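Here's a structure for you.
Note that the chains take the letters A, B, C and D in the order they are written out, and that residue 1 is the start of every chain.
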Amino acid sequence: MTAGSSKDAVKAALTTQALETPSWAYGNSGTRFKVFAQPGVPRTPQEKLDDAARVHAHTGVAPTVALHIPWDRVDDYGALADHAAKRGLRLGTINANVFQDDDYRLGSVTNPDPAVRRKAVAHLLECVDIMDATGSKDLKLWFSDGTNYPGQDDLRDRQDRLSEALRTVYDRLGDDQRMLLEYKLFEPAFYATDVPDWGTAYAHCLKLGPKAQVVVDTGHHAPGTNIEFIVATLLREGRLGGFDFNSRFYADDDLMVGAADPFQLFRIMYEVVRGGGLATGASGAPGVAFMLDQCHNIETKIPAIIRSVMNVQEATAKALLVDAEALSDAQRRGDVLAANGALMDAYNTDVRPLLAEVREESGLAPDPLRAYERSGWQEQIVEDRVGGVQAGWGA
Amino acid sequence: MTAGSSKDAVKAALTTQALETPSWAYGNSGTRFKVFAQPGVPRTPQEKLDDAARVHAHTGVAPTVALHIPWDRVDDYGALADHAAKRGLRLGTINANVFQDDDYRLGSVTNPDPAVRRKAVAHLLECVDIMDATGSKDLKLWFSDGTNYPGQDDLRDRQDRLSEALRTVYDRLGDDQRMLLEYKLFEPAFYATDVPDWGTAYAHCLKLGPKAQVVVDTGHHAPGTNIEFIVATLLREGRLGGFDFNSRFYADDDLMVGAADPFQLFRIMYEVVRGGGLATGASGAPGVAFMLDQCHNIETKIPAIIRSVMNVQEATAKALLVDAEALSDAQRRGDVLAANGALMDAYNTDVRPLLAEVREESGLAPDPLRAYERSGWQEQIVEDRVGGVQAGWGA
Amino acid sequence: MTAGSSKDAVKAALTTQALETPSWAYGNSGTRFKVFAQPGVPRTPQEKLDDAARVHAHTGVAPTVALHIPWDRVDDYGALADHAAKRGLRLGTINANVFQDDDYRLGSVTNPDPAVRRKAVAHLLECVDIMDATGSKDLKLWFSDGTNYPGQDDLRDRQDRLSEALRTVYDRLGDDQRMLLEYKLFEPAFYATDVPDWGTAYAHCLKLGPKAQVVVDTGHHAPGTNIEFIVATLLREGRLGGFDFNSRFYADDDLMVGAADPFQLFRIMYEVVRGGGLATGASGAPGVAFMLDQCHNIETKIPAIIRSVMNVQEATAKALLVDAEALSDAQRRGDVLAANGALMDAYNTDVRPLLAEVREESGLAPDPLRAYERSGWQEQIVEDRVGGVQAGWGA
Amino acid sequence: MTAGSSKDAVKAALTTQALETPSWAYGNSGTRFKVFAQPGVPRTPQEKLDDAARVHAHTGVAPTVALHIPWDRVDDYGALADHAAKRGLRLGTINANVFQDDDYRLGSVTNPDPAVRRKAVAHLLECVDIMDATGSKDLKLWFSDGTNYPGQDDLRDRQDRLSEALRTVYDRLGDDQRMLLEYKLFEPAFYATDVPDWGTAYAHCLKLGPKAQVVVDTGHHAPGTNIEFIVATLLREGRLGGFDFNSRFYADDDLMVGAADPFQLFRIMYEVVRGGGLATGASGAPGVAFMLDQCHNIETKIPAIIRSVMNVQEATAKALLVDAEALSDAQRRGDVLAANGALMDAYNTDVRPLLAEVREESGLAPDPLRAYERSGWQEQIVEDRVGGVQAGWGA
């Protein structure tokens, strides 16, 4: 978006925005203290897609769904892709899971035991096979690997093992496939995490090659970290693969994106727009992937996801509305207050009417939450989805 | 401990030290990502006591065991107390649990629904009944209550509800029973916790009366909090009920106490000694309760608890070795380096030989970890405890 | 403000809002690395008042000015009050300063040296004398006292000394005078601060009596602290004396209030409104004092203060606009998303038009910043205030 | 150091250790609230060197002194080097200063004004000239550059400007000269710092070439950052240029190294030893530079620096004492407690007797602090250094 974007240009950009919702957010989640089950939660990957289709139907900007293997393992991924297609969806990023097997107590790809490492790498390679089957373009790798106690393992050896595993997987990727490497400060590792920050992820990606990109999960940083700086830097380096959006007041709280600090989300989206990241994500080209990764522990899941999508839209709309010319002019003059004011003018704008317009012009109801409520879907799934095992982490 | 403590006085103080280990630390625990089961873990409250008895046998300073209701619910608490007594143990603090029922999704004693509040209070009152049966003196209350989203509930109404519940329980306490109120910054609540800091716990205790005391869990603070200052302040106010010891690098990591920041543990124990808290705890009088509250997610549980007990002993020994006269003299002179040096001299001392002496004079092996290893207990329980359901959070 | 406030009621509340600007914010400030001097900065307390009068003239809600002794020491405080009155201002809170004398290297009222303590207390008593002369109602006490190294001084002795000093000053207060005790986590003390948190300030105030109240500086907390919870709690306890408003991304950054986290400021103002704190502050009665305490290190000072006042107004307006009935109803039903949504609806509203109306109805220009810019005052002071010594910390 | 280091090998490594003390630590420093002047503080660069010579005389491991330009600007750097040499010292790292001129209010090398950027780069180039004159090998670059408010300047443009400036300076370096790039989370910039983390510094260094290396200041991280992980990673990447040692409880407190968290310092030195960083630093080859960067705001400066040197020595000694074979064996077996125990065994060792031996074998007194005290130097400088302007930041 350039200076002086017309309202039409803003609306056009908002129309083409595409977010990816995660299959696991439709299932149960919780903390180590308790997982509160909710009525109507999906029992199968198909039912997760059914719910995701409602989010897309009401918002118009959530056409893809991320899968988590093995939680979404099915016999026939082609059939699953068909199930999605019939509901107007596509299967998106494949998320590997190497943290829920007893073998991974001391790590997966960085485990001191080579047999465990081989098992973990085999799972990652299987995920690429699944990508081939689903047509997914991105493999997202988050490793819970790390140590809880100083001395528990050798920090450097673990980097060597990580490097070797990533290389093996990278070499298996197809031409149009990417590896998205996620970092996280802590949890479940409580002393040292093997990919704790963007610098570590970036260094590994650099060595791997252009198909390796960094993922920014907005809840994975130390207190006080300026996340939008990281976003701007990774875009400048051509290494921002995407986001895992959520929000937090403390640690990796996984609250609805924009719920804890909407101004931060705006600043992030401003840097995305500034760095050209929105355009790439909106096109079909491999650009910045805008994914949600949240836990709706106590709130109803589908409307929480709709709300999250709307929060990202609102932050994006505000970012697009920044008067780039006024901003740039004040920055060049060194007028601190005017430059800050130019940014705040956009932030302080109530963009909800604009987004209502965008939706109505696309044939959608102006208020997705109200539309979902009126659709009766929630009552239906509560009634229908009785029996079976509710989806959740580990299922 | 006063200035110029003789070695004998230090050893005497160390001999009378008493720590309480938590029944749940012998069972499985984990993070929201995974609970790694360990072989040999107890299946019953009785087996937890059997393990706790080994910790006491090798260290000599862990004579009591905290129970968690309902995890340790039994039909006959008198029989459970007998089981403990036969192994040289006593049943200690009763820990209430109002966070694992589906009804508590939006809180227990602060829930907006009065029916849920009544249920929670009933559980707390049941815990006092259990205290009567076990002879436990302390009721420990930790509430997971809080909110995840701004606006979710009224912060002030929740304080009113909390206040009412605490009053009901307080009034039920016997003359020699106490209520220990624990605070925690966050988790599982991610926006506002109803008892988030020592100030809130203290304000409630003040209103309740002298039998209400504050518990300091060393992992429950915001980054940068000076915990020993809180300890000194609560002792000065006569409101330090006890500790839940553990350690952390990030959040409430629940690592072995002393593992993450042994210097901090020393400073805490120094303030305990300075404020007269060790004497009270060591006597039978209601004083400062020294409890462990940890999660041995990946390390073997019994030796981890032995190690934790030793870490507290070592920190205590160093605190007792501070040359109070030299310290006080330097402080009065305003000699910053000398005063800091007096404290560091004690910290830099290797107290392991002294503690080995203390143990040998008590008829114990000098190295409890080695003694446990040689005892064959670990191999025995791995062999014996097959089948059944391993204890853990929720079981 | 109660449920369903009419627009008129909101406007009335906004009209009666009163903020206090600090004399020192008009002078130079900086970091330990550099104080950047700005042209036109006041050289005298009188010139600071002249600038403050411009802020009040354009906003209509900043009628009082806080003084800092000795920075604003004058021979004739009556004359200074007259100077203020002629410009439509009143002299507000008196801020004591016991941190800039070489004697205070190891503390002021908590210094191990009794002679230094006597000197510090004498200064505090002098400040009460000045209050008598200026008609100020509030004495604000912030102590930089603390220690940099463990062992440097005895934490508990320092509390005893603090307690004694506060008692002496408290007993000197007139019937309509208050003591506002401020807490701060760290800086300039880097190990232990003697009043580090609200709990410590509260405990001292409780013992002193009803004229002792706690001040919340929004930049004085550990990362992750829920400030609005503290505000709600202190209001519930009847001990919230006032605010020192500013904002921060990291530590005590002293940026313009609302600049770093406008959503947090809104949540704070919501709790103020919810707890009845706005009404008291707006009346003449001793209520919650809304003060700014900021450092405009790099931005032009007067417009920065105007902007800060506007930010508080906007947050207040949004807080007043919360549909209390809808919120309360959703909270009672346990509808997490609806309750959060009710709060967010108010936050997402663009209240700038409403505030423009409020100003115009009071005979002010709708945009205070533009009005200030057009007034020519800035050019005037840059031209006039040449020579002399610019005001700043320490002058 | 390899597994099973003999005591002799440990002592040899300790003997060859070399630390650099910073000229500015001998002068006055403080916080934004107050700089407390101390008697006897140097007035000239020469007097700083005189003091530094005392530190080296008593410790034997502090042979070089870092200079800060312009604080240590002299007419004849050759003469200054001679002054140093006569006292057994060498001039070390040259520290550029582009943060104390009024022109740098909005940045130095990243300032939006190209004229300011040129001025800043000219200063950096002058520093290389000084290196040529002093024989210094390392240019240390810390930039205070950043912004205080969102929108104030363009984050990405500032990276471009930074990149250009660094390139110009890098190209000017001689064959045996290095650029050490330091990062810092915040202060004095309070929104975005232009080099906020190791990742940013690393990315710039990578592009510049092998003579560009990253400096780790132990006080420049977000809360919770695992610094030893960064150390291990940078060593693995061949990009660890050196340390600025100090310690902190909160932000960039600049306390004596090892004072706040001695266990962290040990873990850092362990990774240095593990990664081969000690050997390079100890030899004359360009390796890891071990520098102090501290502020002795309230404690006497020379003994504080001696204490700091001793703290680094003690941490190094403990790191060297780790039984690498036992550690590695336990790590390979996945024995968490044994591996942690192997590290802790070394940490819990009292190494003061060993260091006393090392000193005595080098002809030094066993206790450097006591030796300094007895030397009479402190009384001498207090008596002699009267009049003139004491050195400090800005002088």
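The criterion applied here is as follows: a residue touches a chain if its C-beta (ideal position, glycine included) is under 8 Å from a C-beta of that chain, and two chains touch if they have at least 3 such contacts.
These numbers were taken from a predicted model, which means no experiment stands behind them.
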item	value
Other chains in touch with both chain B and chain D	A, C
Joint neighbours of chain B and chain A, given as chain labels	C, D
Centre-of-Cα separation between chain D and chain C, whole angstrom	38
Of all residues in chain B, the ones touching two or more other chains	106, 148-150, 185-186, 191, 223-224, 226, 249-250, 259, 263, 298-299, 336, 340-341
Chain A contact footprint on chain B (complex, rising order)	29-34, 36-37, 99-100, 102, 104-106, 144, 148-150, 185-188, 190-191, 223, 248-251, 253, 255-256, 259-260, 297-299, 393-394
In the complex with chain D, residue positions of chain A that touch it	106, 112-113, 148-157, 159, 185-186, 191-193, 196-200, 202-203, 206, 221-226, 228-230, 232-233, 235-237, 263, 267, 271, 274-275, 327-328, 331-332, 334, 336, 339-344
For the chain B and chain D complex, residues of the former touching the latter	223-224, 226, 249-250, 259, 261-263, 298-300, 303-304, 307, 314, 336-337, 340-341, 347-350, 352, 369
